[in-house]
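Both of the next two complexes hold chain A, though its partner changes from chain B to chain C.
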Partner chain A sequence: MAPRFILRRLLLILPTLFGVSIIVFVLLRVIPGDPIVMMIPPGATQADIDNLRQLYGLDKSILDQYLIWFGAVLDGDFGISISLRQDVVGLIVSRLPATLELALSAMVLAVVLGITMAIIGTYWQNRWPEAVIDGISGFNQAIPDFLWGLIFILMLGVLWPILPISGRIDPRTGMEFTTQFYLAESLLRGEFSILADLVRHMLLPMVALALPLTAVITRTLKASLFETMTQDYIMLSEIKGFSRWRILIVEALRNALIPTVALSGVQFNFLVGGTVLIERIFSYPGIGNMAIGAVIDRDLPLIQGLIITFAIIFIFTNLLIDLSYRLLNPRVANE
Partner chain B sequence: MRFKSLSIMFALCIATMAHVQAADDDVLTIAYNVNLPSWDPTVGLSAVNPTIQSIYKSVFDQYVDQNPDLSFKPGLLTGWGWNEDRTRIWLEVRDDAYWHDGSKVTPQDVVWSLERAGHPDTGNPIMFVWSKVANFSIDGNRITGDVVSFEPTLFKWMAFLTAYILPQKYYEEVGAEGFESAPVGSGPYMVDQFERNSFVRLKRFDKYWGPQPEFETVIFKFVTDASSRVAEIESGSSDITIEIPYEEYDRLRAKEGLVGRSTPVSDIGMIFINDVEVMEDANVRKALAHAIDKNAIVEHLLRGYGVPIDTLQAPQYSAFDSSISVAYDPEKAKMLLAESGYSTDNPVRFKIQTTRGFKPKDYEMIQAIVGMWRKVGAEAEIEVYEIAKHFELRALDTLAPAAFYNWGNAIGDPSTSTGFAMFGPSPHSTWDTDDLDAMIGPLWGEQDEDKRIAGYQAVDRYIAENAYVIPLLQFIQPIVHRDGIEVTPHVANFILPQSVTKTN
Partner chain C sequence: MNEFARRFGSFSSGHLRVWLGGSIVLLLITAAVFAPWIAPHDPLEQDLISGLLPPFWSSDYDSTYLLGTDSLGRDLLSRLIYGARIALIVAIVAATLAAVLGTVLGLLAGYFGGLFDTTISRMVDIWMSFPPVLLSIVLVAVIGTGLHSVIIAIVVIDWTRFCRVVRAEVLVQREQDYITSAVTIGLGRWTILWREILPNVVPLLITLLTLEMGIAIIVEAILSFVGLSVSSDQATWGGLIQEGRQYVHQAWWVMTLPVLCIIASVLAFNALGDGLRSMLDPVMRR
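Here is the complex of A and B:
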């Protein structure tokens, strides 16, 4: 059942991406902003402008441009960035690991904190720890990630400057990386001082991204746990004399996690989207930061490549959510 | 007790992670406001982006260099000039310059760079200038070339956008992509590490022909968010920063350990007037110009950080003429509008376009100006757009009757301000009338420099009298740096690490 499900979902990816590519391609060409016009200096003649337009293939009709671009994409060629003058695929591949490391770390942090807080809140239901956790969750949820970023910069970068507020690594670090997964590579190579530096740089953007998501997970899971704790099988466990901690973690958590997993997946997509602003604020060199630059420069090939990349991330995240949902809930798997 | 232990553990963790960037005497860190998109300073979008020229000028040599006051000085060329009848040029290449790979800079590199820049397939946006000279020949260190079409500002352009010399042999060996990943120049610093969108680390080039920079290592951190740049300098993570809000500049320079430097730069805030609708009425244009209190705008909105101007020439430009002025005179503005049948009860109506946040207080300035206009009988509707939209509309000559813009002119020549901004056939002009084109047209090829400059001054006077454009102010660049270093402000808006010195 699962392989057929996966195959069906994988086959659906192609038309989805095809649709995304058409929408993105057409939208980018009808919204204001012409990269060639932004490039021309004072004194350029119409012939100079036409020459540049031809050089970048923007002199053709939208349909022709799309067919050329799509044909190249099928060969794995997303074109050359107008502003960065490099292969779009190479640029994205070099920056994506930074975003993935940041987003996944934030996700892990949010999940760990969210589950912990939900369990604590449920264990001490209607007592002061639950009130504290509800208060913290409300606070975390009320403040958007970019605002957390600015607060952290002010608090921990300026007033009490203990953490770096920009970049991914100390520019004075001389280590040559062979992959762009700096965190994983430094860990595997046993370069713990570099690892510590990377974590220091990642900490503030990671926490800023994680806090709103933590609140969502806490609230959803806590509500779900409350409901689960009223089920008959939980009462049976209580009669059997199991401790409340054991009932919560061993008996109730798995069932209560189902809605949280679905929600976390959707929230992960928002989290990846949130990296655009957070990476900008912390000058973090990921694809989010690159996306803003591409939009400002009207770098059409790069924007197209980035949106397709984001779409692929979203599609695979949703696929993973569906799979995990089936794992957690056998009823869905058997349908 | 358990809580106390946890607190101590947390404090120890924080202390371990504490990142206090110790001031390193030989490392200069600059929190820079833009990213470096590409390492080829002669091709593509980034080549004509004035804000990243500081980095290019640290790594590459230009044919001709500029002093902080915009005057010209030798770069990789020690001499340059025209022949008697201006049909040929000559260039003298310095003998003591080396590429960062250790090889010598040759006159052939200079010729190759010029020919490449003038070739249409290269994608140099300034090709229209470089293609005006050709057929170069080399004799020792002297290069001569034919003038295809006379360009009076050719040698000024040699200190401007895309005027960089690249190493022919190395570039041909590694290709465009190879050059992007390992650029080689002949400037005072060489590229040590480049982390796209994050930072570039430069190392002092010991074989540089000019004075050795004082800092061995320079780090340009790309911090595009203004509040993050403020935090960078305030926390001591960076030594210098630029392009911060004036309010923050005033706050930071009052802090112990930080120094503020502000200098007028070659950026002019102006209102383009398009020759459409009500702007075809001279009374309306002149009234709008007389109704603006530029001093009040500078004083109250920009906290004094601006220089009111009445032509497109800043005081540092070669055609600046202080005798040309447009007085703030609201009564005269009312009278002019009354002559055309307008009053506060029956205002003249039009649209003004502006960016918001592209330049300091741009939107607020336009709001204030619209308020001033309202008092004399002009009702302007504000439309906010992105700068990309402005470029597009300007190229199509479809801007609104009035539109705010910032015009940069790092070489200070009148042709690259009044010329391109006001000459009808230029893709950058919005005012498009025969009278003005007839005045500017002959100046493009004028061989007598004094006559050319005087001609542009006459044009500026004529423009001011007819209010074909409304110049507002010259912007001031706020620079904040830490104590213990000296930064030399540059009118062209460069932050050059090679000119930063230590004071103790």
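Here is the complex of A and C:
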């Protein structure tokens, strides 16, 4: 693996984040809408308003505000949330693990389901399993995660109430966690009943997030598996007498995965973007849910902190995708 | 028999979908346009004693409220009908504006090529790499809430869908013989673009536009669900879902009805779009 490539990509992250921060900062401030108005109690005097404005530094010019903010950010200080009156970094750090666990589980599910369906569809090409899989992915792709979430709530939360539809964990479990990575921690500590409760809470939002991505992976991978299966080296393996399963999974899959991996970077980011809404629908305590609250309250410090957080997630997803693309496709790496 | 199968085949693929989708869309338009005359109640009129009343199939049903009421005792049927208004306004205005913007840029990029094409295509690529839901929420955070913001957000995000497809189609059309003939007889570039190429892109555009209306309905529902669309006392499908979500265990129908409305209208727009595509496309028609 080319260390220079990784180093170059890592160095590019800082200017990208710098650019994102400027755009967001300026955009959020040139537009009308006063965050102070949202937080004053009825009957506040003009002097109270001015004091608050001064307290949050909103009386200064945009450039001065940016310089103050950026200077603090370099010290790891993103300011105090206006609506929640808490440290922005603390808020994000306490909520981010929930979102990461949800998004990563959804991605793993989508990848496993997508690859399995593509392989099954290719193995039974032109027979009924393929038609079923095409039908399912067409349906998956047509319905956005928002509607899946709502449908799941109605079907599995209300009509046939077998799964919880709000929150991350049953508050009655009373487990004291030392980290915010509940899923990983309960797994490592062997608390399997807690783990089961966490999974039950996560299942519906996770599947809702995963379904559209599953459809994309199934379709793309199936198309390239079809193509790969017509290549000469596959015919050679057939002549050697390998079974069709072995050829599909061992010989064809690796090459066929390349276009899917190239495409999935954007799709993974879409999935992470989708957590915002899905967390809202399932009252799941992650950063997405918090982001919507921040936007509604015009909580500028929190919005800025969250957008930077999402930008970092997107940048690292892209980096990981590019790296795995290069691992799978040595031709690119050697260029 | 063969002839019959062929005819029936072409009927069921294109016409049936156009008829099915078209009639639901027509129903939606009728409900939206004539809302004040159709709706049995004022959608804002509260009746706090009769909150969360069930719809007509329940035994506790109150005959003044056909589909029941929400937590403030507002008539659900009337709110759904008025919600169709907002959904349809957003669908038509936002999709049309996105189509106009995307088509103009796509035509120019595809026909003139060069630096212009590179710039626009690069922009489309960057644009499409942002998660649309997150982008629309950030956009509304920037421009403020309200109907116009929802429309602007959809146009700003979805013009790329039109631009990309139109550009690709223009690239194909540009190489056709009829364009060479048009150049030979001395037609100007703008005339060729406007009078020769555009009409050939229109069938594709109608399909895309119909599909985009379905997407716009979902985006509007999402934004009103999270409380970033029109003010919360105005009736929207997303707002109803948000409200029903809170009482879903006591009154599941408050959330179910608007979800059904959204699914029905999105499926209708999709069916109409797909049907029109197979009817308007001469190759598929054959």
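One rule holds in what follows: the second predicted complex is superposed on the first by the 333 of 335 C-alpha atoms of A that agree within 3 Å, B and C clash if a C-alpha of one lies under 4 Å from a C-alpha of the other, contacts with A are read in each partner's own complex, and residues count from 1 in each chain.
By our rule, contacts are C-beta pairs under 8 Å (C-beta built on N, C-alpha and C of every residue); 3 or more make two chains touch, one makes a residue touch a chain.
A quick note: this is a predicted structure, and the numbers were derived from the prediction, not measured.
Peer 1: Identify which of chain B and chain C touches the larger number of residues of chain A.
Peer 2: Counting contacted residues of chain A, the larger count belongs to B.
Peer 1: Could you tell me if A:Tyr66 is touching chain B, chain C, both of them or neither one (first, second, both, neither)?
Peer 2: neither
Peer 1: Of the partners chain B and chain C, which touch A:Leu150 in the superposed model: first, second, both, neither?
Peer 2: Both partners, chain B and chain C.
Peer 1: Which of the two partners, first being chain B and second being chain C, lies in contact with A:Ile303: first, second, both, or neither?
Peer 2: second
Peer 1: Given the touch rule stated above, what does A:Val158 touch, chain B (first), chain C (second), both, or neither?
Peer 2: both
Peer 1: First (chain B), second (chain C), both or neither: which does A:Pro171 touch?
Peer 2: In the superposition, A:Pro171 contacts chain B only.
Peer 1: Between chain B (first) and chain C (second), which, if any, makes contact with A:Leu55: first, second, both or neither?
Peer 2: The answer is first: A:Leu55 touches chain B but not chain C.
Peer 1: Pick one for A:Phe78: touches chain B only (first), chain C only (second), both, or neither.
Peer 2: Neither: A:Phe78 stays clear of chain B and chain C.
Peer 1: Contacts for A:Thr45 in the overlay, against chain B (first) and chain C (second): which applies, first, second, both or neither?
Peer 2: A:Thr45 sits against chain B, while chain C stays out of touch.
Peer 1: With both complexes superposed on chain A, which partner does A:Gly274 reach: first (chain B), second (chain C), both or neither?
Peer 2: A:Gly274 sits against chain C, while chain B stays out of touch.
Peer 1: Jot down the residues of chain A that show up as touching in both complexes, chain B in one and chain C in the other.
Peer 2: Overlap of chain B and chain C footprints on chain A: residues 32-33, 150, 153-154, 157-158, 165, 280-281, 292, 296, 298.
Peer 1: Which stretch or stretches of chain C touch chain A in the complex?
Peer 2: Against chain A, the touching part of chain C is residues 128-135, 137-138, 140-144, 218, 221-222, 225-228, 241, 245, 248-249, 252, 255-256, 259, 262-263, 266, 270.
Peer 1: Can you list the residues on chain B that touch chain A in the complex?
Peer 2: Contacts found on chain B: 14, 16-21, 24, 27, 29, 31, 35, 37-38, 40, 43-46, 48, 120-121, 123, 125-129, 161, 176-177, 180, 193, 195-199, 201, 217, 219, 221-225, 227-228, 231-232, 234-237, 385-386, 388-389, 391-392, 394-395, 415-416, 419-421, 426-428.
Peer 1: For chain A, which residues count as touching chain B in their complex?
Peer 2: That would be residues 32-35, 37-46, 48-49, 51-52, 55, 82-87, 91, 94-95, 150, 153-154, 157-158, 161-172, 174, 196, 199-200, 203, 280-286, 289-290, 292-293, 296-299 of chain A.
Peer 1: Inside the complex, what are the residues of chain A that reach chain C?
Peer 2: My answer: residues 24, 27-28, 31-33, 142-144, 146-147, 150-151, 153-154, 157-159, 165, 266, 269-270, 272-274, 276-277, 280-281, 291-292, 295-296, 298, 303, 307, 310.
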